[in-house]
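These are the structures in question, set out in turn.
Heads up, the next two complexes both have chain A, just with different partners, chain B and then chain C.
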Partner chain A sequence: MGHVLIDQEGKPVFAASTGRMEWNHTGSWRYMRPRYENKLPPCTQGCPTHEKIPQYFAQVKRGDYRGAWEIILEDNPLPGVCGRVCYHPCEDVCNRGEFDERIAINALERFVADQNLDRRYPASFRQPSNGVNIAIVGSGPAGLSAAYQLARRGTAVTIFEAAAEPGGMLRLGIPEYRLPRHILDKEIHDIQSLGVEIRTGQRLGTDITLEDLQNRFDAVILALGAYRGRAVDLPGRHLKGVRSALDFLRELNTHQPVDLPERVTVIGGGNTAIDAARSARRLGADVTILYRRSRTEMPAVREEIEAALEEGIDLKECCTPVEVLGDESVRGLRWIKTRLGEPDDSGRRRPIPIPGSEAVLETGAVLLAIGELPELESLPALGTTGSRIAVNDHYQTNLEGVYACGDVADGPVGTVVDAIATGKATALAVLHSLLDQKPAANQPPVVTYDQINLDYFRHQSRPALPHLDVRDAVQSFTEVNQTLSPDTAEQEAVRCFSCGTCIECDLCLIYCPDVAITRGSNGVPYVINYDFCKGCGVCVEECPREAMTFEEELSCTN
Partner chain B sequence: MHELAPALKPYFNEETTEDILVIEGTHAASHAARLARVQAISAYPITPQTSIVELLSEMCATGDLDAQFIKVESEHSALACLVGAASAGARCFTATSSQGLLLMHEIIHWVAAARLPIVMVNVNRALAPPWSIWADQTDSLAQRDTGWIQFYGESNQEILDTILMAYRLAEQVMLPVMVNMDAFFLSHTAEPVALPKQELVDRFLPPYQPEFRLDVNHPRAFGGLAKPDVYMEFRYHMQQAMEEALQLWPVIAEEYKYHLGRWHGTAIESYRCEDAETILVTAGTITGTTRLVVDQYRENGVPLGLVKIRMFRPFPVEALRQALAQAQRVGVIDRNLSFGQGGIFYSELKSALYNGDHRPLLNGYVAGLGGRDVTPDVLAEIVEHLIHSETGQDLVWIGVKA
Partner chain C sequence: MSQIPVSVPAQEIMGSGHVACPGCGAAMAMRNALKVLGPKTVVVIPACCWSVIDGPTPHSVVGVPVIHTAFETAAITATGVRAGLRARGEEDVNVMAWAGDGGTFDIGFQSLSGAAERNEDIIYVCYDNEAYMNTGIQRSSATPWGAWTTTTPVNNPKSRPKKNIVDALAAHHIPYIATASVAYPEDLVKKFERAKSIRGMRFIHILSPCPPGWKSVPEQSIRISRLAVKSRVFPLFEVLDGWKYRLTQDPEPVPVNEYLRLQGRFRHLTPEAIDQIQQDVDSRWNQLQQRIASSF
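Moving on, here comes the complex of A and B:
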């Protein structure tokens, strides 16, 4: 065996082997086995489209912006849009938030998209035809997302869009200071490059019928969105100057002349309310937002509310309108203070008017932003939940071969990313049904904060996001928020814990006392040689991000 | 260099000395490590050792010393780090004291059995509880059976010189060496110390060139399993190395004197032992005080002598037998205690004399534990007791309050 040196001409004796020790398969001592297994980062779990955030951060760190973009594109064809308008639920669950400050994921998504504005999809995105032909009604985020996911898998897709230009609410609802149109155009153009045909000016019920589409296509996906302002029982609502905030935005965004009085009141607390208020502010109006609950209950994105306040918009919390005043046109609004009672069905505290607290606000226009509902008159045969199309877990309606997603369908509604997510899921469900293409298997467990090895991280603050000075911002519809610099983006990607995601930090390799871990090849970062791994678990213990799993050895035959 | 007082000239050899500094014992040890050009230092702070590695860390920071300073979370890790560094062929240094030394114990055995020539300075400090930071040799003597060569020093100069010689010895016999100094009496007492010229040290102590080293290009396993058919041989060879060390040490001391001009004796030093009927045996700083007491007795015509033990492991049995061959009465003064037996140097000496030709009356005195001062008066009390003893006594407590 000769693994110890014995007396060499009277020299001292060392307990050292005379050669290599590969014959000694210490792996037979093992009763616990480490293995590499990426877990689900909470951000990916929290993102409705499940973007692989730490993975594309890894590419950002390397400076491979195309690679980062392609990773996002697996789940979301609209990163330039989402990097600007998404309410980023991913950041709310970021583990780093418990350590110092959550990662600026949204800003990084935008950064990646903006680095690729001159790039087109790789050739691999165009797949041979799978023989399936799908019609999609609506070219908003849900319809575009579904079209994209289908087309990438070789499906022929035709989108029917009622408006003159594609984009749905992205184009008609969201103001340009949040989403410059060249970004939207670029990403729609990318989707069209896969062969997706978009026919504009095709309104369902007028220009085309559902029956016709059902006959001509293998399946129909309804992604009409929700454009009708919710009805409101407010005395004086028929006066001139009272209108839906969305209609106001639609006119503005389609560049129709908008006539706005000096004083404007917006009623509501969602993103449409803020968009309308900030847009009116840019048109020179004095704007007041009336919201019946307190600011913390407002459904709008925090940053948007803060920006509105900074821009000089007056927010009246806990105020609800009583009556619009005026003869023909609006002159004012009578409102009343509220207090918050017990939580209602939505989980938010119910506003209760306080008797005797009424007051009058002078205003020339009232914009109602209290929610939007779909227009379903052209689709009488479809089953509904009352206001939206009823779908099952596979996004199927009651009609054979007809699916629905986005705001028109029952489910998560009201945000761009939810629409993208349901569009993606619907596309996969259609292919599953028609071609038996199974969606991805079980999800691994989500990484929790206590699983992060904090020894490897030091406190570091979140970067300030660049934006226009407020004095300039309110002068025009120029985009307010700006893109991170490459240096800042890289630093922020490095700051990410990369929960559950191997980033090849080498700590497992460095710490293995048996040199049983070696670098892999062909995209496999590391290989564990189980002939020598004694199962000490040091690699798993040191892994800062829970990208390894340690489990009992079930077989004794090494 | 400053002009030396004539009396100091033979001690601080001008030709070999770069500079003379008035420094405490800890810093004498730091300068010795620097002069030895150690390449890896790993240590954990503990009073009264800390200033040794504090100064070394500064030397590493300023570039005066080109060494890796490895910060660790415990003494156990400190020595474990050096196992790796020494296996890779680096000349290594560490320092500790008392509880820290005890925490190292597992690795202390390992270093010796792995035949790694690490040199460590231990500042002899009493063990807790009750807490004490003062001088007591029980900490290092508790490491007696680990396979480390051990030295005890009397002055800051001797500590510096012994460390340099220790590397020569360690790297020749491939055993680690522990150089011990008494807490505060040496560690925090400033004395004039001559720093030898670097080029002379380099001539005396060439770079460490191990026969085997951890080398990724030539993989081999270290410290593997030895079955009963070979294990005993490893231990036999360690003992052989200890015996070799005993033979080599006087040669290295001569060489040191040749290159650097200073002599502190061999494994032991005899002081005024010619014709001495009564001899005191000491180790550490009690020795210096004892020299004074010997001089006083000699002035009064009493034939008193002193044997200072420098090297405790390997134990210099033959040298001690010869040094004590003419003595009628021998008293060992121990600043340490093996509970249930007595002073540890005393026990060692007694067993060394048993198979010899001459067995003088032998008394064991335990004094100065936990840093209690052993003054000339205390030593005189011991001498009087020894001179008037009829039979040998294994354990005589000195100065214990009733």
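Moving on, here comes the complex of A and C:
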């Protein structure tokens, strides 16, 4: 302090303090200790693959789309696919939904993928060989995800695919208006760029055998999917024109000629039913969907049901078929109204036919979409749960070195993201078993809505997602939904609470009464100086997103 | 921006190692005030918490020259510092008197009133923790109606309303008066910037949460300060030239009990007493609105 008057002997002329107070380590007062600790956002927990959503949003905000993509790729090699077809359970649990409207996570995932269509994986994705050689049967989402996770860790992977082209249900089941094939091809090429070899036209039991694969590889992952339509006990089911909806989609998606009558009825309420109905609509048919429960019980993605209705598809809720009518070919369908009774084993309310409510629907085709099961005839030695391959918590079957994931295995089935998630988990389990590579440690707690400090947020609505006009949409198989603009994507990423994930908003630093928080370096946002932190906890309390933890001070010294 | 952004100047004048209690609002207030005023500032501190917080001689945490002075003399000492600086030709130095509510509302009021009437060129800041906290939580004329202090126990809590210091200062027709809150640091910083740009007497009244005196938990100091503003117990506004009123923050209002219930000093209040406080707050808010409406 240069204002102290000095006399001729160099002494101050009056008492003046010239020393600071940094000698006084007030940290010794502390009995509670704050620290930075990111928590688990509900979206990340809700995503079966546990994509790090707030983390990649942070890159979107910065305009670093490659960085965002690489964060998604840690957990999911198919963001372009998932950004289009995922049923986004992440959004169902979004904390922002309780405040105003849930974040458009699925649309942002797609945005990130679409910004990277011309990019390839970074060089760091190619690791030196770990000496392990794995065979995967099936190149659907489960097989591709497992192959990707293995290859990124230096594993040699060969995929055996029965169809002529890789992709499994993504290519054979999902129509092009939801998933353009250049997106799928790009993401499969990326996986192949890691050295994953995909041999097409190789059907298990015909072209290859499980024993052969067991002999030639260190482990075998079965990811065959589920392609056989569930059997149905419906009089008239053998008439010409009654068929599996999935077979219809498969013919359509492999560009075989499809002959469809003017009036088509689809039976079922899942995504296959909606896909078949909307595809038939695009081929010019008048389409009716018959579902035995109400619309709220339909397992299909909500937005898909809404789109189907907008496209003029007739949805008959609480209706179940009784008999297919016709001599050789289908002429009509007798159906009956149902009411919903008590919940059944699946937790959904059981439909009960209402006597005397029968009616007849005129139709030239009946497409059955009441679920698909795997074909396990070529795998007699495997233990099953009846319809699917039995696996333990580590995705191991009863056969040594043979694993199973995706729809062929018991567990969460029927969606792309669940297949990707089990594929990833299986890959990690295989490496754990062969190389003792341990999966990641315990997860931190999940951030709940009441832990968000709402004083720092203002209401803002979710953006409308761009899509084709319905009149144009039903004319062709052009993709219906479109990509968000960069501006909208950025705004939506900013709208995210970023639950449990520090976004460097500076509030902790600004409020600290003890000037004990400074900015960090090398990716560490802030540093707490425990020499001075008195443990008041204002930083923890004010953190808008629960990215700090306050806990008892257990050390006597700093 | 979805999250309301908050930013304050990066420069740190005040240091660490001070002896304010954990969660002290007065420490937060000083830190942000000095971020604006900068190193060319002299601080005058009468008897108050900050006499202690600053540290023992020969040490000081403030980072600029500080003059510790007697209880009743903050304003007049600052006046003298300004006169001395002027005599030395130093016109670019900020002179800030920094006093608690005791030294402002009660003991220092005479010298404050004199300096205000003469329109002395100083910034006078009252960090108001609503009692004599440093000496053992005795009531001051800033203690709100109904509050517990050691001299207004719960069976006989304070029976007189808080003195309206802003009205008292406005009656002196000084160029600039503002209320500020540590929970709104950006607003607080703007007010110090405005004060810095004006010559003459400037008065800034900062509500300063005191965990030991308010019987609140330290981590809630900011939350409580924010609720004081949201409940309109402590509205954030400016008064120019003693009559032009302008509101600077107008958040979605909450009932006063949201503010009161986090503080042990109000825990004894009956529902009727809380209703009474709500009515008083509402009528003062209406009065403020009328003044704002007739200001411009």
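Note that the second predicted complex is superposed on the first by the 540 of 558 C-alpha atoms of A that agree within 3 Å, B and C clash if a C-alpha of one lies under 4 Å from a C-alpha of the other, contacts with A are read in each partner's own complex, and residues count from 1 in each chain.
We take it that a residue touches a chain if its C-beta (ideal position, glycine included) is under 8 Å from a C-beta of that chain, and two chains touch if they have at least 3 such contacts.
Quantities reported herein were computed from a predicted structural model and do not represent experimental measurements.
Contact with neither chain B nor chain C is seen for A:Glu317 once the two complexes are overlaid on the shared chain. Residue by residue along chain A, chain B and chain C are tallied for touches, and C comes out ahead. When the shared chain is aligned, no partner comes close enough to touch A:Glu303: not chain B, not chain C. Look at A:Arg20: by the touch rule set out above, it reaches both chain B and chain C. Contacts of chain A with chain B, set against its contacts with chain C after fitting on chain A, overlap at residues 3, 15-21, 24. Residues 1, 3, 15-26, 29-30, 455-458, 460, 494-496, 503, 505-507, 510-511, 513-516, 529, 531-532, 534-538, 540-542, 544, 550 of chain A are the ones touching chain C in the complex. Looking at the complex, you find that chain A touches chain B at residues 3-7, 11-21, 24. In the complex of the two chains, the chain B residues touching chain A come out as 113-115, 173-174, 211-212, 219-226, 230, 233-234, 237-238, 241.
Taken in their complex, chain C has these residues touching chain A: 1-8, 12, 14-20, 22-25, 27-28, 31-32, 42, 55, 57-61, 63-66, 182, 185, 211, 217-223, 226.
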